[in-house]
Every structure is written in structure tokens, then in C-alpha cells.
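Just so it is clear, A, B, C and D label the chains in written order, and each chain counts residues from 1 on its own.
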Amino acid sequence: MLLPSLRKQVLDANLELVRQGLVVHTFGNASGIAREQGLVVIKPSGVRYDEMKPEDLVISDLQGKTVEGKLRPSSDLPTHIVLYQAFPRIGGVAHTHSEYATAWAQARRCLPCLGTTHADYFHGAVPVTEALNSEDIASRYYEENTGHCIVRAFKEVDYEAIPAVLVASHGPFTWGRDAASAAHNAVMLEAVARMAYFTVSINHAAEPIGRDLHDKHYLRKHGTKAYYGQSKNCT
Amino acid sequence: MLLPSLRKQVLDANLELVRQGLVVHTFGNASGIAREQGLVVIKPSGVRYDEMKPEDLVISDLQGKTVEGKLRPSSDLPTHIVLYQAFPRIGGVAHTHSEYATAWAQARRCLPCLGTTHADYFHGAVPVTEALNSEDIASRYYEENTGHCIVRAFKEVDYEAIPAVLVASHGPFTWGRDAASAAHNAVMLEAVARMAYFTVSINHAAEPIGRDLHDKHYLRKHGTKAYYGQSKNCT
Amino acid sequence: MLLPSLRKQVLDANLELVRQGLVVHTFGNASGIAREQGLVVIKPSGVRYDEMKPEDLVISDLQGKTVEGKLRPSSDLPTHIVLYQAFPRIGGVAHTHSEYATAWAQARRCLPCLGTTHADYFHGAVPVTEALNSEDIASRYYEENTGHCIVRAFKEVDYEAIPAVLVASHGPFTWGRDAASAAHNAVMLEAVARMAYFTVSINHAAEPIGRDLHDKHYLRKHGTKAYYGQSKNCT
Amino acid sequence: MLLPSLRKQVLDANLELVRQGLVVHTFGNASGIAREQGLVVIKPSGVRYDEMKPEDLVISDLQGKTVEGKLRPSSDLPTHIVLYQAFPRIGGVAHTHSEYATAWAQARRCLPCLGTTHADYFHGAVPVTEALNSEDIASRYYEENTGHCIVRAFKEVDYEAIPAVLVASHGPFTWGRDAASAAHNAVMLEAVARMAYFTVSINHAAEPIGRDLHDKHYLRKHGTKAYYGQSKNCT
């Protein structure tokens, strides 16, 4: 069996999404990449979480071809692959329909940085993508196109400083140095999405925190970053 | 004992509604139909869920006459029967007062399709019924009239593509190919009602997703549908 | 030991409030009355719920004098007594700071009847009291005055048809034929307060349900009522 | 090992924050002070709650120098120390990112006293601090500056009558006669923040309760207070 240790890590990340209450029904998946071999390990389709074993995970190459595994991979695999190719320093990707992050995605609003909890994890507003056009939706490459749409939202945003995105009308994707980190970012994204929701309900005119406080908290935690990006959509 | 296997399925569906937190106090019931025999199996009134056994369920014919069972059937039985008669390809019906779906019903608003989670299950906005008129309410056929009112809301809507309705000022009914599917649709309806609530709180002007994205997700999951319906009430 | 069976009932009602999540910290109490003896059994102050035993409950006469019990009674006892005196057909009273009912009380808004869940339990809007005046607040009879304030809100409302009230800026009181029924009404009040909150968030202009539907549901459940009351404050 | 009993108390207070659901990820810490020795016991950084033992806690002097302990203290230690120095009659401090209190802090709104639950614990609105200026944020004394910013918010407010603050764009700090009391105030602050959130959602114009009712409830519980303070920011 290929990549036994990565299989275990990816399984743990998938189970963490469930434990943290981020998975509505079965909407959720996490993957990890072995960069040297160019292989991605991802959750299979249609297996119950409580019965999922490392050997049920699917190993795919970067063309989306299954290299090992009897089950079909998660239908979002092509989106994961596009992210691995565009973001060379990530090792894991997670996707959920967690309620509050999804609500911001459905509202087609960036998630503004309204406090230090957000700033500790995401160095700026979490961008929302543009909507896909009809052609990209109708295409058999819809899932890949979703990936490209995410990448476009990070044209001027540092994907390491803001390891999360809201896909318009769909839900969040997060990433990190490995699958565990991607899952943890999904957990924290939901937490800050939830608090941001309460905040704007209390004060519709709540202002994002200043860059000085934002930098302080983010850099206190993540060390010096050469680049600070902010999506044009998110003022 | 008639229909032992259907009894078990219907019991499981009723318990699933409870497990998923959809049942406020005892407001909730699921049923299943044996089309060939023309018999409906439904939850009895006044039995605690944790003590309910398959033999406690009530079997009724399509005139609402008990064929087997010592207990009274759920008072909503006549509504279930109308749905079985009007919607020939369904095998199960569920009714709950789940909080968010009920809130949309009480607000007398259709549940708009604001994201792909909704689109994966319901191929369009979930309609809200008209209010019953005073005569229909006062009638001894109130529960039957509720069923007819639901059916009217589906005059131009495909009941298979949108297997759910919000009864104005009351709460949701869902259906499916069997009782388990009806219960699962009740779970997903509550999940999307909850996320839609958060979405419109963030952005009062949140737009339903475009038909292309809606079709993509629904058809990706449910195969080609010849008919796409949208209630006139739900723009 | 006096009234052993009533003690047990009242203890059960107090524990039910906790089990149902209605008790914030220790804010909550339920009582029952033995009409013939003119004795009230109520929760003591300062005993942990998980250690409370029937013999810890306090028995008081209708002047508020302890007849049996080593512990101090709940400080809200005088409010309970006023209700027992003004509402001769009730056998139990419950008071909580349950979150949603308290929010309506703090908002100083009647809880409108927005759906059939409400109508099944409360035959009209649940009234909110007037604020107490400064004198009544400063008085050593503050808790009694709270009771009188509740009674004034029911001058033209049938306390049996609407067995609940929102004390302005404070929280809910409910009652019923016995302590269990009072506690159950507290549970249902919180459930409908929660759904009403969601409803008005979705649609600020949500309309109370019509009297015909209201009557249908209430009377379906509670039998013919000669009197239907609506507080002037609650349109 | 120094201060074994205080170590245990502080550990218990930290665990209480977790049990009560106030800790988002690991954001949360409680401390206690031994006034005579001038020593503070605080949660260490980077130890899992379920494995934390009394000996893992860190003991620091009032200059922030570790006196006993192998682990690094919580990074918020300097804020705690400033509070102990400015508020001579407190014995414990707690800090969380509990969701509703944090939302009010992020909204940069004082938490108004909207009901008696609040009045029972906090004798007036809970102040929100001013934002720190850029210099104070950039400084290596950021955490200390946060403490000074809190102290400024209590210039005309009695820290014993209102044992809580909302640090703008950050989250709540609470305090009390010991660590357990500080943690309990954190629990009650979250409860009243949550109910206040619901209240203003129902009625945007909800009014703080009058001073007479406020005094009645607070003084009923806490005895005569010579001083009643209200922040100028909180009308």
C-alpha cells in the first residue's frame, strides 16, 4: 500500500472535520499531497465516516488518475489538484459546507477581519470568489474550473497568509502545510465566520480591525511575512 | 402482523427525525406506503419514542381507516394520504416542526436556493403554501385540506425535483421514494433552511443562485429530469 | 414529612427545567400547591440540582411562612404565591431565565403567535408585563409586586388559555394544572420564543396567524374554551 | 512546589472555562494571585487541557518573571499583571474568546444592561475599551498596553461592581475575588451577552433597564455598594 503514513494523516483530517461539526451530512473532504511523488491522497466517495479505514482512501496522480484504491475519489478531487498545482507550498486541502462559512459564501461577501481571533489565523479578509460563468459551470471540467476560480481570487493575495477562500454560492476551502493544518484552518474559519456573523448583526457598520493590530497578531503567531495581500473585492 | 418490513422502516424514519434534533416535543411523524396493497404505515399518537416498537405503528388504508393497530394514528394522517394520492411516485412522507424550516414557514417565505447545498437536494426554491381559508380551517377535514393546499402549491412544480414544502404558519412536510428518504430530506431541508437564515441575515439582498449552477448540482446528483418547476410565488 | 408526593413532583419539575436547558446558572424554580391545605412546595435556595432531594424542598403557607424545611425557599416564592391566589385553577408555577423567552421579555415585546406550534399551547400572544414603577421596585415587597404586575397583565386575558407571561426586563413565568405542566409550558414557551425570533429575523413584518387557525389548533388540543382573551398590549 | 492550593484553584478555573464552552480552540486563560507573596499562578502555553496538571501551571512575580515552572506562561500574562496591580481587591482574572462577548467586543459596543440577569452580576453596562493606538500595538509591551487600556476604561467605573470588560476588537476579560469567581463571571458575561444579542435583534431600540431595577437586583445580591459607576462610553 502506497503512502501509509499520509493515508493515516488524511483520514485523521477527515475525521477531525466531522468531530468539529463542520460536515453537513457528507459534504466535506480533506486531502494531502506527497510532493515528491506527485500523488494526492483523498477521501473516497460513499463510505461512512465511522467505517472509513486508511486503505479506503484513494491515491491519485496530478492528472486525476487513480493510482491506488478501489473506490471513487471525492468528486471535488479536481479542485484539490488545481490548488496543489497553483499553491506550491501547501501540503493539504480541506473542503466543508460548515454553516457560517457557507452562509458568508452564499451571501457572496468576503469575511472581514473583525477581531484578533481572525487576525491570529488569516492575515486579511477571507476572499469570496467571483461566480463562475455559465460555460465554466456547464463544462465537464466544472470542478477544475472551481479550482481556477479560487486561484484567480488569490492573484494579489498571499495564499500562505490567508489559507482559506469562500467559493461563491458554495462554501469554504482551506489549506495548510499538511492535511491536519488544512482541517484546523477549516475549524478556525468556521469559528471566526460565526463570530463575524454575530458582530455584524450587532453592528451593521462594524469596521475591520486596523492593519497595525492585524499585523501584530498575525505576525506574533506566524513570523515575518514578506508579502501582505488583500483582495480587491474585500475592502 | 402486516407489512413487518415497512413497519421497521417507518419506525427507523421516525427515530431518525428525533436523532437529528428535528422533533420539538412530539411534533413530528413519518409514514411509508405499500403501493400495491394501498396501505399506509404511520406513527401512532401518544407513544414515547424511546419505547416505540414496530407493532405500535398504525396501518391505515387510503380512506384513513385503521386496518391494523391498537393505537390512534398521528392526527396528520389525512395530510399524508392526500400526498400519497396526489404524488404517485413517492413512498414516504415526513412532517416536523424543525426550527429553521418552521421559521421560514411562519415567515410565509419560500426558501430560496442560495447555494449548492440546497441545489444538491431541491431543484428550485422550496414553496410556501397559501394560507388556508377560514372554511377549510374550520372544517372537520382540516388535515385533509392541508394536504390539498400542499398539492396546489405543486401545480406547476415537480414534486420529485423539489420533495419538500413549507405549510404557511405551520411547518415543513417532505417526501421521497421511501420513509428513510423522506426523513433524510427533512434533515437536509432543515440544514439548508438554517444556512439560508444566516445568509439573509448577512446580506438581505442575497440572490438565489443562477439556474445554470442550480441545474449543474441537481442534475449531477439526480440525473436528467424532463421537467423543471418553479412556483409562481417564489421568484 | 408533609406532602411527600407533591415534593417529588415539584423536584421532578425543577430537574426537568435543567434537563431541557432552560436554567442559566441557577436562575430557575418550580413550585406546586396543595390547594386544600393551602401549602406551597418550592425549590430551596442554594442547593445544587444534582444533589437536591425531596426533603430539601421548602413548604410554605400562603403568607410565605415556612411550615416545613430547613433551607430558605427560592427568593421568588412571593411571586408564586400571588399567582396561586389570583389564578385559582392552577396547581404549579415555573420561572426560568431561558434565553429566547428572556430576550423577548428584555425586548419588552409580547410573543406573537406566528404559527401552529404556538397555537397548540398558548391561545393568543403571550403578554409582556408593564414595567414596575420605582416604588414597587424599591419596596421590600418587590417579588410580590412582580406577581401583582403579572396579574394585571391578565386582567382581560384568560390565564388558562395563555399559561405564560413575560415579565418585562426579567424573564418568563409559566403555570399549569400542576408543577409538571408548568415546567412543560416553560419548555414549549422557549421553543416557540426561539422560532418566533427566527421568524421575525427572516421577515420583520411577519403577521400573527389568523384567529380561525389559532382557534382550530388550540381547541383541537384543549377542548372548547368559553373565553378568548388578548392583551391590549399585544396587537 | 509553591502555592499548591492556588495552583489547583487556577487549574480548576481554566478547566471550567473549557467545560462551559467558552474556549475557542485554545484561546482562554485564567490566573490567580497570592497577594501576600506577590505571586501570580497562570495557565502555561501549549499544554492540552485534558493533560494539564497543577505542576504545569506557571508562577510569576509581578514583574512577569517566572519564579517556578518549566513552561512558558500564557502570552496574556502581562495583561493579567496590570489588572492585579490596578485593581487591588481582585484575586483572579480570566480571559476568553467566548463567542457572544467577543462579538460585542468586535462590534465595539458596550454590553448594555437589558435585564435582571445582567443586573444580578454587573452593576451597569460592561464597558468596551478604546482601541489601542498604533504605537501601543507595535510596542513589545502590547499585552501590558492592553492592560492599561482596560484600566483606563474603569477610570470612572467601579471594577468590583462591574467585574468585566470587552477589549475592543479582541474579547472579554473578567475578574473576581479569586480565579473561580473570575471564571464564573466569564460564564455569566457570555450568558448575558448572548441574551442581549437576541434582545437587540428582536428590538433594535431595546432600552437598558432603569437604575432602580438595576440597583434592586444588584444590591439584593451584592449588598450595599458605596459607588456606582458608569462608563461615559456606555449611555
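One rule holds in what follows: a contact is a pair of C-beta atoms (placed from the backbone, for glycine too) under 8 Å apart; a residue touches a chain by one contact, two chains touch by 3 or more.
Quantities reported herein were computed from a predicted structural model and do not represent experimental measurements.
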item: Third chains touching both chain D and chain C; value: none
item: Type of chain B:chain C copy interface by residue overlap (half), same or different; value: different
item: Chain B and chain D, separation of their C-alpha mean positions in angstrom; value: 47
item: Centre-to-centre distance between chain B and chain A (centres being mean Cα positions), rounded to whole Å; value: 34
item: Overlap residues in chain C, where contacts from two or more other chains coincide; value: 200-201
item: Chain contact topology (line, ring, star, complete or other); value: ring
item: Footprint of chain C on chain D - complex, ascending; value: 114-117, 187-188, 191, 194-196, 198-203, 206-207, 209-210, 212-213, 216, 220
item: Touch list for chain D against partner chain A, complex; value: 24-25, 27, 75, 97, 99-100, 102-109, 131-132, 134, 137-138, 142, 169-171, 197, 200-201
